[in-house]
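In the two complexes below, subunit A is the common chain; its partner is subunit B in one and subunit C in the other.
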Partner chain A sequence: MRHLSTALAALYAGLIYLFIFLPVVVLVLFSFQDGSLPVPPLNGLTLRWYEAIFADGKLMAALGNSLLVAVISSAVACVLGFLAAYAFARYTLPASGLLRGLIVAPMTVSTLIIGLGLLSMLNISGLRLSLVTVGIGHVVINLPLCFAIIYASMGGHQVNIERAARDLGAKDWQVMLLVTAPMLLPSILAAFFLSVTFSWDEFIVAFLLSRFDVTLPVEIWSMLRSGLDPKTNAIGSIVFLISVAFLVVMEFTVFRKTGKSS
Partner chain B sequence: MTADLSIRNATKVFGAFRALDDVSLDIAAGEFIVLLGPSGCGKTTLLSILGGFIEPTSGMISIGGRDMTHVSPAKRPTTTMFQDYALFPHMCLRDNVGFGLRMRGMGKAERFEKAFSYLDLVGLKASSAKKPHELSGGQRQRVALARALAVDPDVLLLDEPLGALDLKLRRQMQDELKAIQKRVGTTFVHVTHDQEEAMAIADRIVVMNKGRIEDVGTPASIYMRPRSLFSAGFMGEANFLPARVLGASGGEVEVETALGRVVLPASAFTSGHPVAGRAVTLCIRPEHFRSANADAPTVSLGRGRITGSAFFGTHHRCHVSADGTTLTAHLPQTDSPEVGAELDLRLKADSIVVLEDGAGV
Partner chain C sequence: MAATALERTERRKAWAFALPALLWTGFFFLVPFAYMAAISFWTRQGREIVATWTLDNYVAFFGKAHFFKGLVVSLEITATVTVISILLAYPLAWIIAERVPKKWQRVALIMAILPFWTSYVVRSYSWLLVLSKGGVVNQALLWLGIVAEPLELSANRTGTVIGFVHFFVMLLTLTIYANLIQLSPNYRRAAADLGANAFQTFWFVVLPLTLPGIMVGAFLTFVLCIGDYITPQILGGNNELVLPQVIMLQLGRRADFPMAAALSLVLMVVVTLAYIACARWLKMERT
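And now, the complex of A and B:
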């Protein structure tokens, strides 16, 4: 009986992981397909699709754009989120609970709605669609997340440390830059890397708010319109690989750090 | 550097609660002052007012003769050592200690040199590259001290700096604190609720209760000649014997107690003057019951019976019952008091302190 239930549990766990990872495995596997269709049967292994995407100027430009937008928009979201969290944690603001709720609220709104809203705002303001507008969109999406993560890590025990800094002559900006931000670095980095990974594969806002220069997900989408092709599998695998890389970096820089100093 | 400090009628009200109630105190330059009192009596509030972290509702603070009441902490010649040390967790010890100097725009080389010299002062020079989390509690406490002293404050404010240390380390750090204070000459204002600690380090102790100052004086005068019931009770064990003044004449006062009439010198009244008919309280330290054989004038409270006894190393602590009153007496360690034995309750007349009822408690 015991053995049976252990076996069933293992089987169940195996199926769950299979369910989650099978699509990725299939995607990666058929990116090596020696043929022009990424569907079974697997005819043999080749690297030529990878060769093709690295030779594809448009695709590489989109990849560069994506990284640029992800890093810059995440940095901006982190700075804004940090400042907002600092204000809420250190000062008594009027209607502070309500205001905090409002900052976090966009997390529950679909990106489609946010994208459409931003699109009409940009139309009214006359700002032309570009990577900058995509970046603005990503800041809007990621700011609530960054705020929530950083705010959660600001506790009362840091108040005395900031007070000590002030007592020793630090001005407000010096306290924030030299004391508060470094103390919160683990959570700031966590917020940064999470929002980089979100921005990295965000499609809807990037699609709605870009025109000539596009990010990678948008470029892949236009590739897909011309039909399935192992090339899309190859670029998909690259996207996946970079996401994993971000996660690994985050794991090492953020969680190692918190584990050690606490 | 060092400076005197003056607090005039400082009051702090939180909502409807008076955390500090009309406190006035003068502190001389280079003095080691200890604020002593039970939890919630307003010690931290007073210290925060001195450091500039909170403004008094009314009253005035001046340091070195300059009005500091509304000056921000950064601009005061004070630094604070916090109870939780408040070290910068991401900086090495050298940078922690040098932080205040960096804020003052001091160059790197000079700053590091000064930081090293202060780390040396607290015996941690060899650990200058370590981070605070690699240190023990006592070591962190030393770093906090070095950091606060590195900017050459006139006044150092310490809020229960030894509170988190175990007893042995605390006693050791007390001596170190005292020695360092002597060396740098800075005025120290130190908060604690441990009366032994207060006696070990203070030049003068300020006993606080419920937002007020109960008593100020050297450890010996606070212990031997307390000016309030609270102060007498907080500074160690004491027997309180209710009494009534019968009359005063020629420097002597006769009082009536449950254990009979006694005649005391008028100087036994540390607060107020003897007025016939007034209710007072005699305060008798338990160890004073031993001095019955001295030449000095003695007072007898009759005889008592020992109802319980325990050995405390330095003394035997005995409960004594006399005429329905229970007293505590500390007898010499060489005695061997036995339960049921009789004890002559005789003591030096000048060891008794008479306090007016309503003064403190």
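And now, the complex of A and C:
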């Protein structure tokens, strides 16, 4: 009885894992397809689709744009989120519940609505659509997350250390930069890396708010119009590889550190 | 009594720290949102958008079949996806929490959500590869002799649902596992002591206690699924459109911002109603 249920559990888990990994395996496998259609049968293995994407100027530019937008917008979101978290955790502001609600509000609204709102406002403001407008949208999406993560980690136990620093003559900015920020570094990094992954992958806002320079998901989107193509498999595999590498780095830097300190 | 000078400078400092975030959210989220809400009552005349203040767009939503059907299709797909995803994810979360040795659980969980990190657009494209007429699934079924003709698995609702279920099984496994692992074994021991068999223990004790995890996951599934444009656009074909596709269509060909804004607000109201329906469980999670 016990053996039977273990076997059933293993079978079930195996099937679900197969379902979960099937598209990724097919994507990567057929990125090496020696032929122009990424479907079975597999004719042979080649690296020419990878050569093709690295030779594709538009695609490489989009990859660079994506990294640029992700890093800068996440940095801005973290700085704004950290300052606001500091203000709400260390001082008493009037209607602070309402104001905190305002900062996290974008999290509850779909990105389609955030993008559409910004687009209709930009239309009348005369500001041109560019990577800057995409970045502005991504800060709106990521600020609630950064604020919430950093605010949650600002406990009372750091207050005494900050007070000690102040008693020893540290100015406000010194306390914040040299005492509070280093103590909160694990959660600040977690917020930063999470928003980088969100921004890196975000499509709707990037699609609505960009025109000539686009981010990678938007460029891949326009590649899809030509149908199934091993080149799309190749760039998809690269994106997956970058995301996983990123995750591994995060696991070893941020989560290990938080694990040790607690 | 007036505030002391010290209190005043302290308060000024607090505002200085909070203002950048508040201004950013106010200027790039609240103002655009209010503007969008306003233009949902305006109309497009020729190429101009005129501030007419009418309910025409909302009347059109309920009156014109292709708008209203977008919402119906969206709700049907979202409901199907949520139910299937819970049914598939719960046993997996349970197996990881109960049957996998403690030190391997983290690895098992990370494996279960790894494809989460493939790019959003690429994930739907990968499913197109798998499900297309010449794709892996159809080729395998033909080769095994299970079907004589390739199945229509993409460019229809089946494709959209499979693409969505894949994503949300990963998400729900995570939320349900997090809930299961917190349960004290004492509950189960108590149930067993009182004479409950394995099924009764699960149905009357474990399942109700993991309801918060299910509801948090289900709510996230609902919100992300009903607002998604990519998956149905890539996998769903052109025969039936979901609401976000209808919204994007207003923007693209017709540049009808007022109609798109009205439809977006309808979408938001639906999400808010879902939140109110789930609020009881979502709150329980926090305490």
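The definition used in the following text is that the second predicted complex is superposed on the first by the 262 of 262 C-alpha atoms of A that agree within 3 Å, B and C clash if a C-alpha of one lies under 4 Å from a C-alpha of the other, contacts with A are read in each partner's own complex, and residues count from 1 in each chain.
Please note the rule applied: a residue touches a chain if its C-beta (ideal position, glycine included) is under 8 Å from a C-beta of that chain, and two chains touch if they have at least 3 such contacts.
Everything numeric in this text was worked out from a predicted model, so none of it was measured.
Subunit B and subunit C, once both complexes are superposed via subunit A, fit side by side.
Once chain A of one complex is fitted onto chain A of the other, the partner contacts of A:P38 are limited to subunit C, with no touch recorded for subunit B.
When the two complexes are overlaid, the chain among subunit B and subunit C that reaches more residues of subunit A is C.
Applying the stated contact rule after C-alpha superposition, one finds that A:G169 touches subunit B and leaves subunit C untouched. Applying the stated contact rule after C-alpha superposition, one finds that A:D201 touches subunit C and leaves subunit B untouched. In the superposed model, A:L116 makes contact with subunit C only, not with subunit B. Judged by the touch definition given at the top, the superposed model places A:L247 against subunit C, while subunit B stays out of reach.
Contacts of A:L11 after superposition: neither subunit B nor subunit C is touched. Superposing both complexes on chain A places the Cα centres of subunit B and subunit C at an angle of 100° as seen from the Cα centre of subunit A, in steps of 10.
With chain A used as the common frame, the shortest Cα distance separating subunit B from subunit C works out to 8 Å. Residues 157, 160-161, 163-171, 174, 178-179, 182-183, 185, 261 of subunit A touch subunit B in their complex. Residues 10-11, 13-18, 20-22, 24-26, 28-33, 35-36, 39, 88, 91-92, 95-96, 99, 111-112, 114-115, 117-123, 125-130, 132, 134-136, 139, 166, 169-170, 223, 227, 229-230, 234, 244, 247, 251, 257, 260-261, 264, 267-268, 271, 275 of subunit C touch subunit A in their complex. Residue ranges of subunit A in contact with subunit C, taken from their complex: 6, 9, 12-13, 16-17, 19-24, 26-27, 30, 37-41, 79-81, 83-84, 86-88, 90-93, 99, 102-103, 105-106, 108-114, 116-121, 123, 136-137, 139-140, 143, 147, 172, 197, 200-204, 208, 216-217, 220-221, 224, 228, 232-233, 235-236, 239-240, 243-244, 246-247.
Contact residues of subunit B toward subunit A in the complex are 51, 53, 72-74, 78-80, 82, 84, 86-91, 99-100, 103-104, 131, 133, 147-148, 151.
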